[in-house]
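Some structures to go through are shown next.
Here come two complexes built around chain A, the first alongside chain B, the second alongside chain C.
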Partner chain A sequence: MSRRFGGEGLRAARHVLRAYPALLRVGFADMFAYRAELVVWLLTMNMPLVMMALWTAVAATGPVGRFGQREFVAYYLGMLLVRILTGSWLVWELTMEIRQGTLAPRLLRPIHPLWAHSAMQLAAVPMRAVLVSPLLFILYWAAGERLPLHEPERMAIALTAIAGAWMLLFLIMAIIGTLAAFVESALSIFDVWLGAQAVLSGYLVPLELLPPWVAQAARYLPFRYILGFPVETLIGLESTSSALHELGVQALFIAGSLVAALALWRAALRRFAAFGG
Partner chain B sequence: MRLLRHYARLLAVQMRTSLTLAVQYRFDFLLEGALALFWLAITLIPLLVVYSRRESVAGWSFPEALVVVGWFSVLKAVLDGGVTPSLNFVVEGVRKGTLDFVLLKPADAQFLVSTARFEPWRILDFLGGIAVLVYAFHRLGRAPGVGDLMVGLALFGVALILLYSLWILVVSVSFRVVKVDNLSYLFISIFDAGRWPIDVFKGALRLIFTVVFPLALMTTYPAQALLGKLTLAHALLAWTGGLAFASIARFVWKRALHAYTSASS
Partner chain C sequence: MIRARNLCKTYRVHRRPPGLLAALRSVVRRRTEEVQALVDVSFDIAPGERVGFLGPNGAGKTTALKILSGLLYPTSGTVTVGGFVPQERRNEFLHMITLVMGQKQQLLWDLPPAETFAMNRALFDLPRREADATQQELVDLLEIGALIGKPTRQLSLGERMKCELVAALLHRPRVLFLDEPTIGLDVSMQARVRDFIRRYNEATGASVLLTSHYMEDVAALCPRVIVIDKGHLIYDGDLRTLARRIRPEKRITMHFSSVPAPGELDRLGNCVARSELQATLAVPAAQVTEAVRAALGRLPISDISVEDPPLEEIMQEFLGGQPANGGARSA
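== the complex of A and B ==
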């Protein structure tokens, strides 16, 4: 199946493009079936609000570095926004399919399962956008002057960074989810990933408030490009030139994870076949 | 009295099953130990960052806030080791219909599902929390007074009752809304806020964390008790609140069980 990504080239690409709209529609309908779950899942994202409460209490006696109360509010609202928009459930779906064997019928279809999954997860984005729209209003009210509404260039960078974050997280989840073919505890690995991400992406604390060597190290790790970087560009904490530079780094991470995900998928398929036959 | 002995024996049987399951995966012991340290570090990092910038936050000094974190870690270990596994057991049972087998057994259903699963390795997280508590009092340069310790332990009881009641409420919800794998995630994510003293929160969040999801009673009050800052009136209030919460939970559980029609019918 993975041949379709490489060898047959153009025909395969046309094939995927033809099937994609239908897959998106299926994904959209599927998500409507589980809307209660979606709301519960949304409520689990309360950590940025708690951190916002904490830091605004701290900043009541004066700004912390570049961050005053308004900056903290904007930062954590941005976090919430990006986290909800760019999240996906791929890792849970993949591990379940691999463990329960429901991956097998997917392999019979003439489209790479990762493409099919990407359509399912992308289809959830409009609904996610609707759900976060109230946040957007609060963000505008709290820090409107920080948003790049009148600067198309910065706006484009921020939106690209958010789209890149979606792709990067999707690919990371694909890698960790595929590991389920090799080890039993793929979900525990993802838990550890989330723990590291909470610190190194700026989700818990803005990276620039961490010790300088941690903040520096985070620039060479993928975590920051999933949350911290898109948020910082969105609320204008980053200059245009350095944001452009970091878009490049993000693209590198995306390319690297794409290669790794496809290679791992190939290896996993060989093992998966061995499971059944 | 005989009934009590009967249930004590049942509890021992259930715990032995979980223990047998756990020792099958001895290697997990090392892994869980490493993970316990990892999560403790993640819990401490925001605290360290905040207190590297300020001497005190909302009236709490660093060692005092550490007491709250230590207490939080201890409770979290109890939650992960004794509460969440059973929660997942029930939610799965409701979806697959296997809960019926439990309900058919000649013992109180609430007791059976509450003791269905334990994860003994969580004792490591528990010890980690205790270590933080000891370090916090070392930093303070004094030990908690005997009276304060007693009040603290009494409030530990309240915290356990509250945890358990909240859990029963969540399970009751799972009877109605079947597809709720996410409920345990939600529970844990809200509980995470308990690592901060309640005084940090203002307005709506503070109200929610005191009355609706009483985190204040679970972590801040016991920490204040250990620090000798809690008045007796507050301690009594906490106990009353805990008991009220427990009776509401038991009532809701009974109602939910009554309405439960199993996945097959």
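== the complex of A and C ==
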């Protein structure tokens, strides 16, 4: 029996690998259709810049903890970069598809809808990377010596942490979006999540500047691994050994979220009413 | 090919009166009630059969199709399609079926239909040459070669529906679930889509299950109908048998070269439609020959035709006379 399931699993994996380039291509083409929307979305990502202005003013009279003016600039530019590269709109897509029944056509295709969604979202990353590339020059000015440009190991850890952040946020959004099959207010739940994430991920304030008990609590929650951890790794606030350890914690959160997302998805399909039509 | 036994589907729906007060009250206390969309529905469909689901709005037709295609779980009962349980959504099953929903689209809205076709080709893991040949064949049959390069959002409803059919049939499914496939189309387009579906069925031997508000679709395509009303299966059998039983009469439509004398028409049968130079009579089937002969002898006829009564009328009479929870009848 397990061999049969193993064989089916392998076949499914091969099928996903074969189909994924086509999904990415479609996602890329679709993203170009929404290029203006993408630019507008980028312009709304101004909170790190506001916080950067605020904290550099505070740091004008002296460093705050480990953060001088240049560290704040590097931190918030890194935050902006990670936020833009890892951003996802899955939760809005899923809630709409479940509530309006437009998930139905996706369910009739022989690939898990989350794979298809992941391709659509990933396809937007290259264009976002191009659009935010000017930020890299400022980041280099602010944290050039701290950036892992000449350290392949640290660079690999930082890029893995950013990829992990993308996966974790995608899966969290999948979980909350799937809740739309059970409750009408899945988007309100996501608003609550966003509120907590703003504080506990280090998005507004670096976690080490928060009261110690908050910073400590954040280490046991997934928020930090979506934003704070990849930024700290990128601008050299984490030592290599500590970053490797944190990468393991991030992987655990990803694995847990994946299991939860798939279990919830299966339960949601039983509740899906395929409304409309 | 399809086997449904004792299918039941119950939805739980929220109920609240309109108005702000009712909205506030529903925050504290939500009233829900159960709606039975399908009640103990059983049927079998053989390979290659074309079957029409008929019934008024909310009868349970679409719910039945969604259960058969695996989108919905039945509350109780069992269903298999080609030996598969649809709700398990195995890849082999998804390769075998397609569901076309006139009110839902799978085409990518901002991209040309050709992109959806290419994506489906990859998702269904179709060999490129085979898929290209199928796509070309379907595009030629539906005459949409000039459309598939335009963004979907710029196509008319009819053009989109034809592209939907190509996207849905690219993997050559053996079971077609068609939910209102001609909705919103003009008469000539409806006829072309019907013709296309029949040709696909005859060429591939695929089973076709169709729901449509246009009785013409069902009359033209489906020798067999399953009638559902308030979730109950109330008829399963031959469409002509149902028509003969409900309306055992024929319609004689006559066109006149001059206005016939008053009273002449009434002597031939029951006049159901009349204008100056045209009239339609309802005549018992056994008396048609005699009535036609008499009409040709007495009236200034320029053209005459004999047809069955319209399916709309038959269904209206059939459903109007049903008890809400009427038991199943068969031919």
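Here is the rule we go by: the second predicted complex is superposed on the first by the 265 of 277 C-alpha atoms of A that agree within 3 Å, B and C clash if a C-alpha of one lies under 4 Å from a C-alpha of the other, contacts with A are read in each partner's own complex, and residues count from 1 in each chain.
We take it that a contact is a pair of C-beta atoms (placed from the backbone, for glycine too) under 8 Å apart; a residue touches a chain by one contact, two chains touch by 3 or more.
Everything numeric here is computed off the predicted structure, so don't read it as measured data.
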Is A:17 in contact with chain B, with chain C, with both, or with neither (first, second, both, neither)?
neither
When the two structures are overlaid on chain A, which partner does A:198 contact: first (chain B), second (chain C), both, or neither?
first
Going by the contact rule set out at the top, does A:210 touch chain B (first), chain C (second), both, or neither?
first
A:102 in the overlay: touching chain B, chain C, both, or neither? Say first, second, both or neither.
second
Counting only touches as set out at the top, which of chain B and chain C does A:46 meet: first, second, both, neither?
first
A:183 in the overlay: touching chain B, chain C, both, or neither? Say first, second, both or neither.
neither
With both complexes overlaid on chain A, does A:58 touch chain B (first), chain C (second), both or neither?
first
Common interface residues of chain A with chain B and chain C?
34
In the complex, go through chain A and note every residue touching chain B.
34, 36-37, 40-41, 43-47, 49-51, 53-55, 57-58, 61, 64, 188, 192, 195, 198-199, 204-205, 209-210
Touching residues (chain side chain A, partner chain C) in the complex:
12, 15, 18-19, 21-23, 25-26, 29-30, 33-34, 101-102, 104-105, 107-111, 116, 269-270, 272-274, 276-277
In their complex, what parts of chain C are in touch with chain A?
11, 62, 66, 69-73, 87, 89, 91, 94-95, 97-99, 101-106, 108, 110-111, 115, 118-125, 151, 179-180
Chain B residues within the chain A interface of the complex:
35, 38-39, 42, 45-46, 49-50, 53-54, 57-58, 177, 179-183, 185-186, 189-190, 192-193, 196, 200-202, 205
